[in-house]
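Presented sequentially are two complexes of subunit A, the first with subunit B as partner and the second with subunit C.
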Partner chain A sequence: MTILANSNQPKSNDNDLITAVIDGIAVRVPKGTLAIRAAEMLGIEIPRFCDHPALSPVAACRMCLVEIEGMPKPQPSCAITLTEGMQVKTQNSSQVASSAQEGVMEFLLLNHPLDCPTCDKGGECPLQNQAMSNGRADSRFEGTKRNFQKAININAQVLLDRERCVSCARCTRFADEIAGDPSLELLERGAKQQVGVADDQPFESYYSGNTVQICPVGALTSAAYRFRARPFDLVSSESVCEHCASGCSLRTDSRRGKVLRRLAGDDSEVNEEWNCDKGRFAFRHLMQDRITTPLVREHGELRPASWPEAIRYAAEGLRNQRAAVLAGGRLTLEDAYAYSRFARVALGTNNVDFRNRTASSEEQDFLTNHVAGTGLGVTYQDLEDAQVVVVIGFEPEEESPIIMLRLRKAVRNKTLKVIAIDSANSLGFKKLNADLRLTKPGNESAAISELIKDLQDQNSIILVGERLASSHGAFSATVAVAEKVGARIGWVPRRAGERAAVDAGLLPNLLPAGRKVFEPRDREVVASAWGVSVEHIPTKPGLTQLEIISSAVQGEIDAIVTAGVDINDVANHAAFAAALNKTFVVSLENRASSVIEFADVVLPVGAITERAGTFVDWEGRLRTFDAVMQESLALTDARVLHLIAIELGHTFKDDAKVTSLRSSYSSLGAVSKPGTMNLVAASTTKTGLVLAGWHHLLDNGSLQAGEPHLAATARAVVAKVSSETAQANGLISGNRVIVRSKLGAITLPLEISEVAPETIWLPLNSEGSSVAMQLQIDIGAEVSVSDGGAI
Partner chain B sequence: MTISEQTKIELRELMSRYPQSRSALLPMLHLVQSVEGYVSQEGIEVCAVEVGLSTAEVSAVASFYTMFKRYPVGKHHIGVCTNSMCALLGGDNIWRTLSKELDAGHDETTADSMFTLERIECQAACTHAPVMTVNWEFMDDMTEQKAAQVVSDLRAGKDLQATRGAKVRTFKDVQRTIAGFDDGLVDEPSIDASMLAGLNEFKNSTKGGK
Partner chain C sequence: MVEIPQVIRAFGTTFLNMFKKPITEQYPEEKHLYPPKPRFHGRHQLNRYADGLEKCIGCELCAWACPADAIYVEGEENTDEERFSPGERFGKVYQINYLRCIMCGLCIEACPTRALTMTNEFELADDERGKLIYEKSDLLAPLLPGMAPAPHSMVEGFTDRDYYSGKVTGATPKQIEEAGN
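For the complex of A and B:
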């Protein structure tokens, strides 16, 4: 049998294959293959605890002992690389191996409590299972087992029951090798050996939940799930994370219509076997503050209404009005596609924009020509294989954590160099050993042009974040550099639904699949996919989000359909509120939001667990999922829009079911080559102090509501400046600093750090630092600062 | 206690002796013990910052090696070997005597902070079993009486010589030596003829003679 190399194995060509024999079966594998892996491929299961394909071998638990011809003692198969002609005998064919394994199991159980009936791992525990398959039925041990104080917190979310630990070092290796947060360690030695953290520092890591998942016993548990359920009562469903554009595959475990926990799914092309704590632990939003019935406004008050009444009410409010659609970051591809079509056909407008954040026309041009409809572009594997990856206006760990893990993997292999152009240093940049070019917001374009000398003759990739939209000329400079050196560009938005929104044409100039509103041929293709006549796709230029809001304030827009937007996310939220106040607002939401108080009709749609759909991750990869709650009657946005469209007298070729929308979209094909973007020059450098910042992964985002343990693991909320800036402005490290715009102020503790000149860095949406709400400005805007006194 | 600037300079000097500064962690922790009397939390934090490791990583190292103490050690550290050879030849009795005399158990410090008592493992000095150590200097061929005498001499502040001749200093002083700073005592005797007997026997035998 020939086993081909997979991504976790040494790359090989045919000459590098060797032949070994396991339990009498010859196997040809690449040089360097571990005995345990080769056995797996033959379907031979060797018991194990410490072994994990993504972690370096340590042979810590000794459970996987096998007999190898010519070796005096049983050997750990997880750390033995096969050599030509090696004869391996597992417990299946060797008495020596099987009694060695039984012996190890007996040792492991000496100190292990008989906790299974109350242990969260019971029912899905490798120790339980392997004690049955490879252990003795009874214990011969009569002494006193080792005792510890019951569960200790290694951080606010993750708990450790030390007496259950088998010292396999999976958690500690994960922390060090994968997450790059080496603050979890094996302490003490011998009989006292235990996992732990230093006295001064909890296991601060955005990836800490993975340790719970890979712990082969019940030693690590999460506060969110501990004692909540038995695994055999749960229904497990494959799902996709709704929190960011990394696109993690997840496993959602539910019981009687309630999500109890989420785990990282195993997808070697995307998240490998990991995810971040936000994706794992922030799921109560799926069940909290849900809107359960349609609501309509009567005498100034929202009151429950039947679906037919609410649909009719919405349709009447929209009929023949000057309308717009603001549908934001949570949407699936199918729903975004439905909004795009609803706006064009049912509302007769190109006034549609998904960007509920800083946005620019340059960005729109970039998205139109380099992102929309391009399908799978730069991939995770490409990042791993590149020689240089440049990240601009994008902090991988905070804004798309799986990208950080993949980059780090390549950096650790010493094959990749990371260059970062950003306003401040960060833990993520440090973990990537990034060559950081500190850049004052607004000056990115100049720093980008400098990249040519770094990227010449290199296999390079440039990742640009959505924050770059605040920097004039930055997208243009990126495209120019990429063309010159042959680099590929990846666009990494923060929210899970943004790429799908671009692909679905939720921009005024775009139709789905990169088709353009002003291309007659594109209009025809799209019209035929929708089953409407081409005149139904308006040609009048549409407005962007900013323009929609200001037009509505001026009375030039009468009705707005919104979905998945929070008015508090944008700096002009006062105008946004005024716009919603003046117009007829149809809000499609699954939970109470800041829009509801302005809504004239609220139409409840299903949460992400209650329907099928597709997210498009930053790569452009389709992440299709089924409903977790199969029995749910909740409607999709697409279905609700369809009902309103029918009421308005419009029908389409399909019935707006998820599957039919999906095939309608894919019938449009992909864009074969990038368009030509209109490159703009950078504006002149701003003088004076400006605002910089990004969102912490864990912050006040509305999808993280109701998760106190998760929230307690968020990073400290501080403002950061360089020591020069502090000195120039009379700021004192450790004191508070007051940051002022014309409209408001934020007061935070000050930290002196590596920050670009004339720049103050703030977390954008953390406790006490909501930049849009409090300062009402975007990054790159001028601010003034003063010392706020001692804390 | 805080780690002084002078100590930090010395920590850096230790780091400069290795191509990779983290290789200096063991001597650095000994140096911390020489000023703090044990590996204090502050010492861990200082070392972590200096070599660029997390405090958890430094704690892992400090708690792995038994020569690093996580609680204040007395002025003198007394080790009694209770491994097989010494135990059989009286080590267990010496342990009991001293434990009673000092009113301290394993890894415990006397109320007056003069002594910390520890059962130690084989010191590779079985030739002179039962052995005991005072601040890691050997006290060979001990008896219960001799051991008690050592303790009372130390308590009385008398100068003490190890059985092989070395001058007995304090726990902290010795930690500084172990850290790798010259104390001017390098050439003190540490081996005697009986310890070389086996080697000589071997050399004279046919096997060793070739």
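For the complex of A and C:
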């Protein structure tokens, strides 16, 4: 039998194959294959605890002992690489192996408490299962079991019960090798050996939940799921994470229509088998503050209404009005596609924008020509295979944590060099050993132009983030450099639905699949896919979100349809509120939001667990998922829009069901080659102190509501400046600093750190530091600072 | 031989029985005279320790064992402020659906803390389906003298193991005071 290498194994050609025999079956595997892996390929199950394919072998638990001919004692198959002609006998064919395993199991159970009924792992526990399959029927131990204090917190979310630990070191190896947050360690020796953290240093990691998932016993449990359910209660469904553009596959476990936990799904091409704590633990938003019935405003108050009444009310308010669609960045591809179509056909406008954040026309040009409809572009595997990856305006750990894991994997293999162009250093950059070019916000394009000498003759990839939109000329410089050195560009937005929104044409100049509003041929193709006449698609490019807001304030827009938009995410939220106040607002939402107080009609749609859909991750990969709650009657945005469109007298070729929208979209095909972007020169360098910042992964985001344990693992909220800037502005480390814009101020503790010159760094939406709300400015804007006194 | 007329012969059994002791049980008027056998499988009961703390730890093993899927349990963590059982975990929601229960007693065998036992109460009929789903409050054992209703703390100096080995004999004044509040 020949087994070919999979991606986790050393790459090899036929000459590197060796032949070994396991339980009498000959197997040809690449050199360097572990005995336990080869046995797996043959379908032979060797019991194990410490072995994990993504972690380095340690042979800590000794459960996988096998007999190998010529070796005097049983050997751990998880740490033995096969050699030519090796004869391996597992517990299936060897009494020696079998009794060795029974002995190890007896030792492991000596100190293991008999508290399976209270333990969260009970029912899905490898120790329980393997004690049954490979253990003795009884124990010969008559002493007293070792006692530890019951569960202790290793951080606010993860609890450790040391009595249950079998010292397999999976969690400590994960922390060290994968996450790069090595504060979790094995302490003490012998019978006292235990996993632990330093007293003053909890396990601060954005990936801590993974240790709970890979723990083969119930030693690590999470506060969120503790004692909540048993595996047989739960219905497990495959799903996709809605938090960021990483596109992790998830396993969602629910009971009686309620999500109880989420686990990382296994997808070797995307998240491998990890995810971040936000994706794992922040799911209560799916059930909290839900709107359950349509609402209609009457005499200034919202009152519940029936669906037909609300749809009619919305249609009447939108009929023959100068309208716009603000669709947020959280939609599925199918929903975004439906908004795109609804705006063009039913509202007769190209006034659509999804960018409820800092945005620029240069970014729009970049998205139009290099992102929209391009399909699968730079992939995770490409990042791993590259020689140089440049990240610009993008902090991988905070803004797309799975990219960080992939980059770190390649950096640890010493095949990849990471260059970062950003305003401040961070733990993520440090873990990537990044060559950090500290850049004052606004000066990125100059730093980007200098990349040419680093990227010449290298297999290189440039990842740009959403923050780059605030820097004039940066996208142009990136495209120019990439063209010169042959680098590929990946655009990594922060929100899960942004890529889908670009592909679906939720921009004023774009139709779905990269088709352009001003191209007659593109309009025809799209019109035929929709089943409408081409005159129904307006030819004039529409307004961006900023323009829509200012037009509405001036009374030039009468009606706005919004979805998944929080007005407090943007610096001009006062104008945004005024615009919504002045216009007829139709809000499609699943939970109470800041838009509701301005809405004239609120139409409740299903949460992400209640419907099928597709997210498009940053790679351009379609991440299709089914409804977790199959029995839910909730409507999708697309169906609601369809009903309003019918009321307005428009019909389409399809019925706006998820599957028909999906095929309608895919019938448009992909863009074959990138367009030509109109390159703009950078503006003059800003003088004076400017604001920099990014969103912490765990912050005040509305999808993290109702998760106290998760919130407690968020990073400290501090302002950061370099020591030179501190000196120049009279700021003292450890004191508070007051950051002022013309419209407000933020006071935070100050930390002296590696920050670009003349720059102060703030977290953008953390507790006590909501830049859009409090300062009402974007990054790159000028601020003044002063010392705020001792804390 | 004189033949007894058919009519009288036919009543023979009837007449004979007129002189026998009747075996009719006067249910429900005289049901105390006919108790079920001691090991009869009747309505379940969630037991308490001698100080009133609940024995149930919400482990769901009963629900797992149930062949009729009649039991629904949700566990929860005990806190120092609100303690319902010794140890870390207690049963927050406990329901038995007597429309489904077949009184087989596998749940009793599965219970690791002897929290769940069966009483001899057999009168499980009602006029509404909803009433036959018994909640935790319906199933909890009555408070006997010396017990204080949960939530309250454990007896000072005792661990959950002491509870399990039956070392607790009754509620302490401190526990009674806590329960009273």
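By definition in this document, the second predicted complex is superposed on the first by the 791 of 791 C-alpha atoms of A that agree within 3 Å, B and C clash if a C-alpha of one lies under 4 Å from a C-alpha of the other, contacts with A are read in each partner's own complex, and residues count from 1 in each chain.
Heads up, the rule we're going with is that a contact is a pair of C-beta atoms (placed from the backbone, for glycine too) under 8 Å apart; a residue touches a chain by one contact, two chains touch by 3 or more.
In this text the structure is predicted, and so the values were computed from the model without any measurement.
Peer 1: Mind checking the superposed model to see whether subunit B and subunit C fit together on subunit A or clash?
Peer 2: Fit - subunit B and subunit C, as placed by superposing on subunit A, sit side by side.
Peer 1: Where does A:Phe227 make contact in the superposed view: on subunit B (first), on subunit C (second), on both, or on neither?
Peer 2: second
Peer 1: By the touch definition at the top of the document, which applies to A:Val197: first (subunit B), second (subunit C), both, or neither?
Peer 2: first
Peer 1: Once the shared chain is lined up, is A:Val418 touching subunit B (first), subunit C (second), both, or neither of them?
Peer 2: neither
Peer 1: For A:Ala474, using the defined touch cut-off, is the partner it touches subunit B, subunit C, both, or neither? Pick first, second, both or neither.
Peer 2: A:Ala474 contacts neither subunit B nor subunit C.
Peer 1: Rounded to a multiple of 10, tell me what angle the C-alpha centres of subunit B and subunit C make at the one for subunit A, in degrees.
Peer 2: If I round to tens, I get 80 degrees.
Peer 1: Looking at A:Gly123, would you say it contacts subunit B, subunit C, both, or neither? Reply first, second, both or neither.
Peer 2: In the superposition, A:Gly123 contacts subunit C only.
Peer 1: Examine A:Ala151 and indicate which partner it touches, taking first as subunit B and second as subunit C; both and neither are also allowed.
Peer 2: second
Peer 1: Just to be sure I read the superposition right, which of the two partners does A:Ala726 touch: subunit B = first, subunit C = second, or both, or neither?
Peer 2: Neither partner.
Peer 1: Using only C-alpha atoms, work out how near subunit B sits to subunit C after the chain A superposition, in angstrom.
Peer 2: Nearest C-alpha pair, subunit B versus subunit C: 25 Å apart.
Peer 1: Along subunit A, where are the residues that touch subunit B in the complex?
Peer 2: 182-189, 196-201, 203
Peer 1: Which stretch or stretches of subunit A touch subunit C in the complex?
Peer 2: Interface residues on subunit A, with respect to subunit C: 117-118, 122-123, 150-151, 226-230, 232-233.
Peer 1: Flag every residue of subunit B that touches subunit A in the complex, lowest number first.
Peer 2: 41, 44-45, 53-60, 63-64, 66
Peer 1: In the complex formed with subunit A, which residues of subunit C make contact?
Peer 2: Interface residues on subunit C, with respect to subunit A: 57-61, 63-64, 74-77, 87-89, 112-113.
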